[in-house]
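Before anything else, here is the set of structures, which you'll find just below.
Note that subunit A is present in both complexes that follow, paired respectively with subunit B and with subunit C.
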Partner chain A sequence: MKGTWIRWASYGATAVALVFVGALVGSLAWESLPVWRQEGLSYLTGKTWHYRGALFGALPMIYGSAVVAFIALLLAAPLGLGAALFSAEYVPGRWRWAVKVPIELLAGVPSVVYGLLGLLLLRGWIYRLLEPFDPLSGDTLLTGGVLLAVMILPTVMTLADDALRGVGASQRRAARGLGLTRAESIWRVSLPQAAPGLAAALLLGFGRALGETIAVFLVVGRQDNQWPASVFSPRAWLEAGQTLTSKLGGSETFLAYGDPLHWGAIVGLGLILLILVGGLTGVAGRWLPQARRHA
Partner chain B sequence: MLRGVTVVAVTGLLAVIPAEAKLRINGSTTVNPVVSEAAAILRAEAGLEILVDTVGGSSGGIAALADGRAEMAMSSRPVSEADRKRFPGVDFRSVRIGTDALALVVSRDVWAAGVRCLDRPQVRGLYEGTIRNWRDLGGPDRRVVFFNKEPGRGTWEVFAAWLYGTSTAAPLVSLPGVGSNAEARSKVASTRGAITQLSAAWADGERTFALAICNGDDELAPTAEEVLAGRYSLARPLYVITNGAPEGDSRRLIDFVLGERGQALVERHGYLPLAKRSIMGGAQP
Partner chain C sequence: MLPAAGCRKRGVMRKAVDRALMLYCAGSAALALAVMGGILLVILGRGLPTFDWSFIGSATGATLGSGGVRYQLLGTLVLVLTTFVIAAPLALGWALMQTIYLPDPRWRWPLRRVLYLLNGVPSILFGIFGLILFVKYLGWGKSWLAGGILLALMILPTVTIAWVERIEALPQGYLRAAASLGLSRGQIVWSVIVPQTWGGGVSGALLGLARAAGETAPIMFTAAVFSGVTLPDGVRQSPVLALPYHIFVLAQDSFDPAAGAHLWAAAFVLLTLVLALSLLALPLRLRAGEEATHG
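Entry: the complex of A and B
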């Protein structure tokens, strides 16, 4: 009797969650319809956003989001994977918490606190650090990326740690028994076995960085229509920019309400963001269970 | 056990839903210090329930009032024709509570190098990016960083109307954006070569400095005297706005702000109160 109750409750909860997600995507798509009708595909490829002239091109914001998330991953990946290797392979089991708990505590800090720290400290540091390159201000894509790196570090580290610990102890013992050193057994056994899980950890970290709003909002500069001379040039990282989330968190959202086209353009940014993050999470999700199955 | 969890969860949910506030106020960060302090006094003395928020600036406040998300808007610009057209069912009633001198506020290095005033073509050049280095204006050899107030901020609307006639005539520029007055001030203070449009009352004279406006040989500083004499053209009225005639708690708050104590608050925050007598007594913004 109790079993049935729990089963129905879990079905119900799942159904509610699915309906909710479906309704969310549906309503975002519906509300953003006017902008797709006017701009078509150039909503995604246009480089100019000027709401007074009813021009809506989201590409610079997609670029901004991708760059800050990429910088964050660039910094968080070696740190997160390194810490995970240390905690999973070198630290004796009963001391593992001493590594893991402090890093996971980073995830518990509210993002507005990160934003304020970024505003008070990081902007100034980056500004002084970049002095030789004559930066315009401390509000840069790089500042946003560095701040995000700290924020996604716990995600990357915890998931990578889980993936590494999922590698069977018997395989490790076999590797050591065959005479491999600890470093060799990590390199030859643990890392290849855990690879899908490690990749999933990085992807989920990237997704988290894409979706973060308030911390980025405060330090990224919120400059519209920033399109670099070369997409791959890191020089543009030292300029202010705009991300999908910093646009959504800004005052334009309040202005747009009531004007179907402008509102559609703003909601469309939310849809793009949702699809990006959802896609990444989906891909990561396909890898993650695979990693778990090895356990 | 399960029932316990449910009870905890439901109680938690209830705690998240905020209690209905009697009077919700939203809008301009320029007007906010005065209204917030008035609200705090009325809360303590008369037990009124008042919530004050500044998300979205003046236009955000006006939209919130029109949508019924607030009972009162704070604005540093008048209600425009565009607002009335956008919200035809709303009966906007503005009450002026004081005057603010808007200024172009620069960072310390620009001020220290001797930049003291700008004329309109120079401001236009800085805003549109044709003047890229302070050297061209007798300042330091440093690139210009124009922190532009976000669209919808009363400050921006008034600035654009002053520079281009109407805010809709303002050209498309790509500049880093700032929202609240506090953010604008902190970013100018921490960036060399920085300039922003900001209420003169918010320039602290230590790390941020309000420039005068040159007009021929005249140098008009954003002071009470110049504003009152009508010479300083970047001044703007400050408003609180209601939908329909203010009544109840809205009425009480407005009466308080217009009264002696409220006007003293206006003056203390660096703005010009309505009565001329007390203006001449002080309030150098």
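Entry: the complex of A and C
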């Protein structure tokens, strides 16, 4: 019977996919066990990573990831929200594609191409810009952050645009009918109603920036054990750094392969990243409008 | 008299704020578009002069930056095709499961959440997972099939969600008409749902494949090598060359001017491939946005 065949195939396909998802999470947790046993919580709080001395502290990399993602959001949020407001509130429906299509295409540019642009162009610009501060090179956390800002701009803009357009047109018309200017209707009607979706757009942008590897790898300098004198001082932004992803993408992943503890420490970075990004996605998922959560 | 003057003043103020916000939003959108245009122009401007048809027709030469990218392009196509062949049936199975076959609708929501979480998983983690599963446990070494499976898992949410949305948007009348003709559930799935919604699945797949074609992180440990192979013949120890990985490795040698021209041309080829795939999928993305307003 054809019907039952399709049904079992459907069960089977779902089961296979679920097993792979489970294996992904499970293998990261299982393979990183040695480092948790050895280092305990100091794996998360230690500031030194020195594999020859079997010292594994992930904090500088967590800091690096947080800084590049924060810089990216700092730049992409005002730009992305502004552009989304323009597309959702000002551009008439017929012309919206002129803003949306290029942004969707921007989202499709592979990260290695961004990396190449960062390496061959942005790095030089940042170096010249920072010359008064006497930088060692153009490979800095700031370079990574600026590059990531461009990369997450489509995510922020598309999701924010969706959230804003989820606000009913009748409410907007009512606001204008009461004599509010366009700016006031945005401030009083659109933004408050779209707020959860806008927050989700920013969180997902941040999560995407945390997880991006290849482009960051090429421009961030990959300097281990960079820990700033003060966590809030942006001086360290102008120096090379290491992120969770640039460590994972580097040659140390192959180097660590034979040694269970070292390997566990590398895989553990992946687990930390998964938990961070998974948490962000989970929180943001609650706030997104139903229509589209997968940009 | 005073209140009137105050009102006028406030009116001027309100108009100024309105103006300023519009200018800000338009400026943001213009800047975002300029970034997109700038990226395209740089890649075109630097890639096109070195590009000719023999660049994609000939193999890479022995010296740095000589020859073309024939096998890198073919390898990427092998990966993309494998990804499609694996991801499409899994996505259809999952989509049918989620919309039709689930015995208890309460399970729909967790399934959706798993998809969203999987969609948020950073691409480097697929690479680490592949290293654990295929290289360490299964002993495949680097293999095109491992790359295809990992990329398929990565794009599964995109394809599945596109398909689910299309199934959910199917007019109820179709299903009722089919049921009133006495069709069984299996027959309805096979002769109504699948033929009516495959467009959604294919557009979702194209979008996912555009992403898969440009990804470096999932394949760099598991499927791609830089040189020394042509096309794979087998599963174990049968890596492929791939365009993004080629660019990634060469980029790290980019100080050599001989590599430069080759790099830009390779980036141009990759970007063209990826943008062509995204353009084919564009109608789907724009429609998803429209549904957000009307749904």
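As a working rule, the second predicted complex is superposed on the first by the 269 of 295 C-alpha atoms of A that agree within 3 Å, B and C clash if a C-alpha of one lies under 4 Å from a C-alpha of the other, contacts with A are read in each partner's own complex, and residues count from 1 in each chain.
What we mean here is this: a residue touches a chain if its C-beta (ideal position, glycine included) is under 8 Å from a C-beta of that chain, and two chains touch if they have at least 3 such contacts.
Here the structure is a predicted model, which means the values were calculated and not measured.
By the touch criterion defined above, A:207 reaches subunit C but does not reach subunit B. Look at A:78: by the touch rule set out above, it reaches subunit C but stays clear of subunit B. Using the contact criterion defined above for the overlaid structures, shared-chain residue A:110 touches subunit C, although it does not reach subunit B.
Once chain A of one complex is fitted onto chain A of the other, the partner contacts of A:254 extend to both subunit B and subunit C. With both structures placed on the common chain, the touch criterion links A:138 to subunit B but leaves subunit C unconnected. Once the two complexes are overlaid on the shared chain, A:11 sits against subunit C while remaining clear of subunit B. By the touch criterion defined above, A:119 reaches both subunit B and subunit C. Between subunit B and subunit C, C touches the greater number of residues of subunit A. In the superposition on chain A, A:150 contacts subunit C only, with no contact to subunit B. When the two complexes are superposed on chain A, the residues of subunit A that touch both subunit B and subunit C are 119, 218, 253-254, 257.
Across the complex, subunit A is touched by residues 14-15, 17-18, 20-22, 24-29, 31-33, 35-37, 39, 42-43, 89-90, 92-94, 96-98, 100-101, 111, 113-129, 131-133, 136, 149, 153, 156-158, 161, 165, 184-187, 189-190, 210-211, 213-217, 220-221, 244, 247-248, 251-252, 254, 260, 263-264, 267, 270-271, 274-275, 277-279, 282, 285-286, 288-289, 291-293, 295 of subunit C.
Subunit B contributes residues 55-57, 59-60, 63-64, 67, 86-87, 143, 145, 147, 150-153, 168, 170, 172, 174-179, 183, 186-187, 190-191, 193-194 to its touches with subunit A in the complex. Listed in rising order, the residues of subunit A touching subunit B in the complex are 48, 50-53, 119, 123-124, 127, 134, 136-139, 218, 221-226, 240, 250-255, 257-259. Taken in their complex, subunit A has these residues touching subunit C: 1-7, 9-14, 16-18, 20-21, 23-24, 27-28, 31, 78-83, 85-87, 89-90, 97, 99-113, 115-117, 119-121, 150, 153, 157-158, 161-162, 165-166, 169, 181-184, 186, 204, 207, 210-214, 218, 245, 248-249, 253-254, 257, 266-267, 270, 273-274, 277-278, 280-282, 285, 289-294.
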